[in-house]
Each structure stands twice: as structure tokens, then as C-alpha cells.
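Shared between the two complexes below is chain A, which has chain B as its partner in the first and chain C in the second.
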Partner chain A sequence: MSRKLLLNNVHVEGIHTYDVYRKTGGYAAVEKALKSMTPEEVVEEVKKSGLRGRGGAGFPTGMKWSFIAKPEGVPRHFLCNADESEPGTFKDRYLMEKIPHLLIEGMILSSFALGCEQSYIYIRGEYMYVLRILEKAIAEAYQNGWLGKNIKGSGFNLDLSVSPGAGAYICGEETALIESLEGKRGNPRMKPPFPAIQGLWQRPTVVNNVETICAVVPIVNEGGEAYAGVGIGRSTGTKLISAGGNINKPGVYEIEMGISVEEFIYGDQYCGGIKNGKKLKACVPGGSSVPILPHYLVCKTAEGTDRLMSYESLAEGGFATGSMLGSGGFIVYDEDQCIVRNTWNFSRFYHHESCGQCSPCREGTGWMEKVLHRLEYGHGKIEDIDLLWDIQRKIEGNTICPLGDAAAWPVAAAIRHFREEFEWHVKEPNACTTRNYGLVTEKVFEKVNA
Partner chain B sequence: MENQNIENIQFPKELLDEVQRITSLFPEGKQKSALIRVLHIAQAHFGYLSAPVMDYVARLLLIQPIEVYEVATFYSMYDTQPVGKVKLEVCRTGPCMIEGAEKIVSYIEKKLGIKDGETTEDGIFTLKTVECLGACGYAPMLQAGEKFHEHLTEEKVDVLIEQYRLNPVANYMGQE
Partner chain C sequence: MSEQIQQIKVTIDDQTIMVDPGTTILSAARQIGGNVVPPAMCFYSSLKGSGGKCRTCLVEVAAGSEKDPRPMPKLVASCSTTVMDGMIVKNKSSERVLDARKGVVELLLINHPLDCPVCDQAGECSLQDLAFEHGASHSRYEFERREFDQIDIGEYIKLHMTRCILCYRCVYTANQLTDNREHGVLKRGDASEIGTFIENSLDNEFIGNVIDVCPVGALTDRTFRFRSRVWYTKPMDASCSCGKCSGNAVVWMIGNEIARVTARKDKYGEVKEFICNDCRFNKKELSDWKIEGPRHIDRHSVISANHYEKAAPIHTPLLNKA
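Entry: the complex of A and B
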């Protein structure tokens, strides 16, 4: 049984309320930090823990914190990125809905560590009902003296509130989030200056993902070294995985990093295997942006070693034969699924969500969607496959924010690993328009197995 | 709401108080940060964001109307045209698609006699396909107002459409 650090008490009746959360040891980390630690010591523990950003990029949190500028007399801000919109990802919603006080406790600790007195949780607009859960919990935290002026006599002040978006994937990018929180369109900013220097209202700002902030609670409670002792190598601690697609038990699972992908897909305490006794065809392990892996690269690396649920192992082989842990949005495809259709669907998503600032992304995502639509609906030409490859190459790395890369990678990986399925769509256009997934994939699947 | 003009656009007192509360969450002079939330409230109250409604919001927050228009047209949750009382927003992105979202959309289209993006003649339902709503493990799903309806089947769609037809109040956003 894997260790749990965040979801230990998720099934305790009433854990969303202050009283129950407090009775199960909640706010002990804040007590400890305010009584016996300096802000620098909290940062130090987070550095020691090896915690890496759980939103997708996996950047070391302690290092990100140490970049924040501290000019005299200028307020700093700490922001929570609860814009969770990466297709396949629904872990933050689960955390906030079930244990809202864990996020609030993490927000207090992080704000204390960074010396921020006004912090915000930016939540996607579609999660309005979760915003209400958080607001209720924040009110409870104020009533019990964990927020506001001079918290528990420590001299530390913190105001915390929640602010919604209104339906824009791009606002999960930290500078777009900041723009949105300023009441503007979610257009990402050029970096530098980085938010740590000039962020919200041009003040030094740190933005972290919900799960990252929650992880600060066990780090302060048990110490950074203890946290680093969980997991494997540079993938320390636990990770929430949102499992979806053609599996028996979709849902949110907290795993200790380093368990095998095979155990995660087929193990009874996790996904419980492929639905309806079908075969595994492919897997997107870290949200729609990361490269799709064909079945023979899911549980094993190209070297033949076991693939593990960790930043390093999922990335082993680079983009040629690997992928990324990303946000932990784990999508499983069975043998009946059509890769071309899925890729088209994702391209439509990125086209819809492109903010339109940079031409390669604004135009390129639209072209990819159109070309993929043509292929999927039986009007494609064989040259279209190379055209797609060419377009994605011209988007990647040529945009202000990573949305361009995120749109390019799934297309590149689908062509890299499933080129024959794309060709099949051109050669058998009529079969494609009937959308007979079983027939489409069966042929390709056999070839892959051969 | 038909024939909206600026004179009869006014929040009731409790919503003005709510706007006041939201604005106070931000430092002095940064009241524009309240815009996105206030637009949710305006949309819930007035039905959609007409130009006069947006102008009203601009005056409330002491910003230029263009600052409101550019936000209202950027974010996909805002309607700048009239919509039905209940907006059925069906997720169409990857994980929902492979779990049968397309079938659910066609079923609703057939049942209500409207296409994606259209509103029923009685003005009760608008059908809209949307991108990932963060419910991938509970697919297929749709959102009506603030509520998520997950693990959809045709039977479940029948039940919820019947419920909303009898009591079409799902389209509220931003108020209790």
C-alpha cells in the first residue's frame, strides 16, 4: 500500500469542515511554523523536501520561492493556481472540494514563508461551486483566527480570498493568470521580467499549483527530509493522479512516486485494468499536452526496463520514446480508440484555447485542427501527414507561452508513433467516415504487435 | 431580457453589496480585479451581457467600457447574446469524447430539436459544447449553471431535462 500524505483523511466524515479538519491534526503545521520557525526555515524545509511543481512543469518549488524579489516597502503576493484545465486533469478540484482547509493551511504556510500578506486563489470559473466551498472554509479560518491580523499572536498578517476565471485554459499559465486576476484578458506576458520580480500589479509574485501548496503542509509537519524520503530519486513525495479513459476505476489516486505504471493501470487499488477486457492501445500519462505513448512504451521504456510513475521515468527516452508526468492527467485508450480522431479533438481544444497573441499558435493550431479534421473525415491526402509535422515544428518554441508547445507535442507524438494509422485514414477514406474505430485500430494494432 | 437600455439596468441592493464586498478583497485602486466575478453576477442577473449591461458594470467599477468589452469577449463562459434559461454545456474534449460525449450531444440535439449553440423555441434550453471541465474521470458530463452532471446516460439526460423544464433555474451564476 502506497503512502499517503495529502489524502490520508479524505474519507473522514465532515473533513471539509473546520472542526473535523482541526480534530484530525489540521493547522498543526501553521502552529508549528508560526511558533518555532522563521520564514527562511520554512523555505529551507521546502528546498530539502525536493518538492517539484505539481501543475505540470515540475520546477523545484523551493528554488522558485527563492527567486522572489524583496524590495523594501513593496508588497509581495502569493497566488494559488486553481485554474485546472488541462484535459485529463481533475485532481485539484477533488482536493479543494474534499479538503478545502488543506489548501488554506498550505496557503498560510507559503505566504508566511514568502512574506506575503495578501494572497489569492485563482480558480477556473466553471468550478464556481468549489469557489463557494473555499469561501466557506476561508470564513471558518478567519473565525478561528488562522487568517487576518496578527495570526495566533505571531505578528504575521494574512488576507486570503478566492477569485474566479471565466473559461480560459490559457489562464493556467502563470502570467496569463496574473493578467486575469488584474481583471484583463488572459494574454500571457513576455518573460522576463518574471513574476518573481514583477507579477501581480507589477509586484513580486509567486504562483503555485493547488497540489504543490497542499504538499507544503506535510513538509512542515514532518520535515523536508522525511518528505524527500518518500518517492524515488528526484521525484520526491506523493503525486495525485487523475485517471480517466477506458479503465475500470477512473478517479483521483494519491501514489507514492516510483510505483510502476503497470501496477497503476492494472492494480486493483488503482485503475483496475482496461474496461471490458479490452487491450491497452495507448496512454497519455500527464494531461493532453504531453506526448502519447503507444502500448509497448507505456509499461516499459524503449530499453526494456519497467516504466515508473515519476518525472524521470516517464520522460525516459525523451520525446522519441518517452513522455512526461505533467499534471498527472492520466488518460488510457483501449484498442477501439482512434488516434487520429483523438489528435483532432485535442487540436480543436488548443485552437479554441489559443489566446491569439502569437501568430504561430493562433494560426498553426487552426491549421492543425483543419488538416486533422480532413484526415479524420476521409478527405485527407498522404502529404497532409508531413504538412502536420511541419506545422507543429513551426509552432513549438516560437510562442510567448507554452500553449504553443502544448498544442504541438500531442500532434508530433501521434504521428511519430501512429503514422500508419494516419496513412490508413488516407487509404481507406470511406471506412473512416463511418467512424468504425474497431476496424480502424484493429489493423494498426496488429501491425504494432507484429 | 428584452429591450435593455441603460436606464433600467440596475443591480438590487444585495447584489450591490456583493459587488462592494468583492471589490474590497483587492487593494485600493485595484478594483478592476473584481471585473470577472462581477460579470458572472451581471450575467446571472440580467440573463446575458448586453452592451448596456457591460456599460453599467464599467460605471460600477470606475473603468472604461472597452475594458469590460474586451474581457467579456475573451472568456468563453460569458454570453454577449441572449441564451436559454438553462444552458446545457456538454464537455466534448478527449477523455469525455472517448466515453461517449458525442452520443450524448446527438441525443440532446434530437430530444430538444436544436443543434449545438442553439436555443429551444420556448427559451428554456441552450445547448453548447464546451472544452474540458475537469471531470474526466466521471465522463461523459455536462454542466448546467453551477452544477456538474456526471456519468451521463440517455436516461439521466431525460431526467435532468425534465427537471429543468419544470424548474428552469439552473442558469444562475455568481449568486446563492
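Entry: the complex of A and C
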């Protein structure tokens, strides 16, 4: 059993209440930090821990914190990005629903480290019931003196509130989140200036993912070096993976970084293998926006070494033969799934969620969706595949925010690895509406058996 | 003062210029002028916050600065990227840029109705110019285009949302020139539309300027709609005494009649002196205006093609003396 740092006590009865959370050692990190540490020391511990952003990009958190501008007399803000809307990712919801106080504790620590006196949790509108859980927990924290003025006599003040979005995926992008929190339309801002210089209300701001903030708690408790001891290489600590798709045991798993992908998919304590004894066809390891991996690249890299659950190993081979850890939305496809349909589905999502601000993404996502729809329903042409490739290439990298990339990557990877299946949809227009490619041919699996 | 500012060096398409720190690549390119200037559909120098949206001004930065000569991995929007000392920018000399720009033009056009033959903007449309210079000869888009109903927003302005490329210029104009924020962008993605939410009219004294800032024919002047193609009208610089604005405008004449009035645009299609609605929509008599002389039309060759300008260019020293 690998080590757990966040979900240790998740199954304790009543852990969502303050009393139980406190009894299981909760708020010890805040006590420790406020009594015996300076804000700089907390930042230093986070730097030592090597913690990387868990929202998708994997940027070192300590470094992000050290970028924050500290002009005299200007308040700073710390924001929690709980706008988790990536298809396939549901780890933050689990954390907030089960142990809301862990997030609050992390928020207090992070705000203390950055010297912020007003912090916000920006939660997606669909998580309204989670918002109520959080608000209850925040009220409890206020009652017990963990929030408010002069927390536990340390002289540190912090106000924390939860603010719901209106259900837009784009508001998970940090500058769009800030715009939305300011009450405006959630359009991403141009960078620079980065939020660390001019963020919420033009003040220096740091935005972190829920899981990143929660991870600060064990870092302060056990020290940065101890945290860095868990995991592998530059992927330190543990990561929550939301596993879904055709597996026996879907759910949220906390894994130590560096276990092999094979163990994760087939291991009994994790996904427990492919459902109904079927074969693995493909896997999206980090939420819908990362490139899909065909079965022969899931457990092994192109070089033939074992693929591990870590930022580096999953990205090995670049986009040609690798993918990304992303936000940890682990989607597994068995042999019967249709990749074209899946790509169309993802594409439909990005079309729906594009904010419409910059032209490549606004127009391109809709175009890709239409072409994919045509292919999936047997009206496609063979040139459509190259057309799709061309459209995604015109979007990727040319947009203001990463949503354009996120829309382009899955399409690119699907064509790169499953071109045959796309061609089959064109060649067999009648068959492709009634059967899936996997049910027709065993060809895909030749490589794995060889 | 000016000597104290340390000017910095920037090279665009092998042409070097010294500019003030904080200048954007686009404005540095405009200072050089000529062929190195990237096209801009959404950027408007006098509107704060504009730019970055259309992505037609993407350029390649081959060297970030003197100190850090690494190239930037992505193409950057030249309208919102500030120059660094020793930066080397590639615009038309970069295949990557031309390819990306071609892509952007194609994407901008997939939902554009291409109804230029009946569009009032034809002849002075930035999207026409852009597509002519950078676009492909045909579109690969085979689906239905986005369509909206035409709306009259106020007595003078027609909103033809189908033609809109969502540059947000009119939104910034309304926000920054007029007292009330009256319209904005509704909905999301390719369904987003410019709107007044509950179909209010736009009736601010300066709201007519949204027509001038619109790069396409989405916002047109209802007093001029379908009266004439712009290249059949004669543009004349004219001025009037107006209490609200500078009174400097261009009147577009058919014979001795004033067909329409617009503000004066520079060669990048930008208005420096915005005019009020009174001047634009109500002063349609010759007696209202003092005619200064023919308007020099720079980029829009269609308009200047049939005109007297070739015979007597306005910038000759002879005329300037007079």
C-alpha cells in the first residue's frame, strides 16, 4: 500500500465536521506555522518539498509563490481554484466534500505564507452542494478561532469566503477566474502582466488548485524534505487520480508518484483491471485535454521502459509518443470503445466551453466538432482527417489561453495514434454507425501481442 | 526629458529602429512603416484594453532580447507584447507567421457571410484587405454558417451580427467614450454576440463612433445604408464648429450632396478624433460644413482608385503651402 498524505483519514466517521477533524490531528500545521514559523519559512518548506501545481500544468508551487509582488501598502490575495471542470477529473470535489477542513487549513497556511488577509475559494457553479459543505466548515473554523482577526493570538488576520462561478470551464483558467471573481465576464486576460503582479483588483494574486493547497498541510506538518522524499525525481509527493472509464473500480485514488501505470490499471488496490475482462485500447492519463495514449504506449514508453505515474514519465517522448499527467483525470478505454466518437465528444465539450474571445479557438473548436461529427456518423471524407489535423495545428499555440491547446491536443493525438480508425469510419460509412472499430478488427492489438 | 529616456533597439524583418521602452511590437513596426507592419483587426491604439483577440498580428520573436537571446517558443500577439532591447522580430520573413496568419484568416472567414456585394463596408473593410493579403483563395468550410437577425440599435445604427468578427472594439468604445456601459458580449464561444441585452437602443452622444471602429460591416450607419458604394462617393476633409467634439470629420459626397459623415481615419484605419452623433448623423447639408479639401485615402485602394488624388496628391508641397 502506498503512502497517503491527504486521504489518510478520509474514512473516519464525521471527518467533515470540525471536532472530528481536530481530533485526528487537524489544524496542527496551522498551530505549528503560526507559533514557530515565519511566512518565509513556510514558503521555503514548500520550495524544498518540490510540490508542483496539481491543476494540470505542474508548475512548481514554491516558485510561483516567490514570484508574488510585494509592494508596500497593497493588499495581496490568495485564491483557491475549485473550478474543476475538466472531463474525467473529479478529485477536488472528493477532497472538498469529504474533508473540507483540510482545504481550509491549507488556505490558512498558504495565505499566511503569502501575507494575504483576504482569500477566496472560487468554486464551480455545479458544485453548489459542495459550496454549502465548505461554508459550513468555514463557519466552524471562524467559531473556533482559526479564521478572523488575530488567529490564535498570532496577530495574523484572515478572512475566507467561497464564491461560486456560473459553470464555465474557462473560469478554471486563472486570469478568467480572476475576471469572474471580479464580477465580469470570464474571459482570460492577456499575459503579461501575470496575476502575481496584477491579479484580483489589480493586486498581486496567487491562484492554486485545491489539491495543491491541501498538500501544503502535510508539507508544513512533516517538513518539506520529508515530503520530497515521497515520490520520484521531480515529481514529489502524492497525487490524487480520478480514475474512470472501463475499469473495475472507478474512483479517486491517492497514489505515490512513481508507481507504474500498469500497477495502477491492473492493481487490485487501484483500478482493478479492465471491466469484463476486456483488453485495454487506449488511455487518457490526465483529463480530457491531454493527448490520448494507445494501448502499446500506456504501460511502456516508446523506449520500452516502464511508464510511471509521474509528470516526467507520462510526458516521455513528447506528444509524439507521450502524454501528460495533467490534472489526474485517468480515463481508460477498453477494446470496444470508439476513438472517433470519444474525440468528437471531447471536441463538443471544448466547442461549448470556448469563451469566444480570440478567433482561432472560437471558430476552430466549432469547426473541429462539426468535422468530427460528420466522420462519426459516416458522412466523412478521407480529406477530413488531414483537414482536422490542419485545423488543430492552426489553433494550437495561437490563442490567448491554454483552452485552445486543450482543444487541439486530443484531436491531434487521436489522429496521430488512431488514424486507421478514422479511415475506417470513412471507408465503412454504414458499419461505423452500427458497430465500433474495435468490434470489427483485431488489428489494433497486433502490436501488443507481438 | 526625451534625452533621459534610454531608447531600445528592436529589429523587425531586418529593419532596425530605436523606440521608447514599453512600446509594443506593433507600434514599433508602425514606426518603421511599410511592409513590416502586421495587420490588426481588434487592436485600436486609443482604446484601452483592446487587442490580443483576433490573432492576426501574430509575429515570431527570433530573439527575446540582448540579454536573453532565446527565441520565444510561441508566436506572440504583436499588439500586446512589449519590445525588449535587442529583440529580433520576424513578421513577413517568417513562414510560420504567414502560415498561422493564413489559418487565422481562414478561421475568421468560416462564419463570415461573405456578402460583400451587398455590404456597405465593402471597399473599406479591414477583413477584405486582410483576406486579400493573407487569406487562401477558397474556404474548406462546408457547414452552415452562423446567422443572426439584424437588429436596429437606436435610430441610427444597424447591428448585423452575422458579419461580426468579435473584435470587441465597439464594446471598448462604448465603455470608454460614453457615460454608460450599454452593450457587451452575450453568450459564449461561437454563439457569442454583441448585444444590448434587452434590446435597448444605444443613444449616447458619441455612440456613433462604434460604426467607425468596426473593422467589418457589422455596425453600419442607417442614414447611409444602401445609398451608394463607398468608392462612388468623394471623401472630403471638412470641419464644423461643434461644441461637443472637435468638429473635424470627413464628408462623403455624391455630387453636391453629403451622403455620410465619418471621423478621420489614419492609414491603419484608426480614428484619432472621435466625433459626436450630431456631426455624424444630422449635419447633412453643405452649409453645415467648411470643406477643407479632398481626403487622402491611403490603404483602401478601391476608394482612392478612381479619384483625383493621383493627379494632385494632397501631400505635395504646392498644396500644403496653399
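Convention: the second predicted complex is superposed on the first by the 435 of 450 C-alpha atoms of A that agree within 3 Å, B and C clash if a C-alpha of one lies under 4 Å from a C-alpha of the other, contacts with A are read in each partner's own complex, and residues count from 1 in each chain.
Heads up, the rule we're going with is that contacts are C-beta pairs under 8 Å (C-beta built on N, C-alpha and C of every residue); 3 or more make two chains touch, one makes a residue touch a chain.
Just so you know, these numbers come straight off a predicted model, no measurement behind them.
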Contacts of A:88 with chain B and chain C, given as first, second, both or neither: first
Touching partner for A:288 - first (chain B), second (chain C), both, neither: first
Partner chain in contact with A:114 - chain B first, chain C second, else both or neither: neither
Contacts of A:352 with chain B and chain C, given as first, second, both or neither: both
Which of chain B and chain C A:246 touches, first, second, both or neither: first
Partner chain in contact with A:387 - chain B first, chain C second, else both or neither: second
Partner chain in contact with A:168 - chain B first, chain C second, else both or neither: both
First, second, both or neither for A:298, with chain B first and chain C second: neither
First, second, both or neither for A:80, with chain B first and chain C second: neither
Broader residue contact with chain A after superposition on the shared chain, chain B or chain C: B
Chain B/chain C common contact set on chain A: 168, 185, 352-353, 355
Contact footprint of chain B on chain A as seen in their complex: 75, 84-90, 92-93, 118, 120, 124-129, 132, 159, 161, 163-169, 180-186, 201, 242-246, 250-252, 284, 288, 329, 331, 333, 337, 341-342, 345-346, 349, 352-353, 355
Residue numbers on chain C that touch chain A, as the complex places them: 51-56, 58, 73-75, 77, 80, 100, 103-104, 106-108, 110-111, 140-141, 143, 165-166, 168, 184-185, 187-192
Contacting residues of chain B [partner chain A, same complex]: 25, 27, 30, 32-37, 39-40, 61, 63, 67, 70-71, 74-78, 92-95, 97-99, 130-139, 143, 146-148, 173-174, 176
Chain A residues within the chain C interface of the complex: 168, 170, 185, 190, 351-360, 362-367, 370, 387, 390-391, 393-395, 397-400
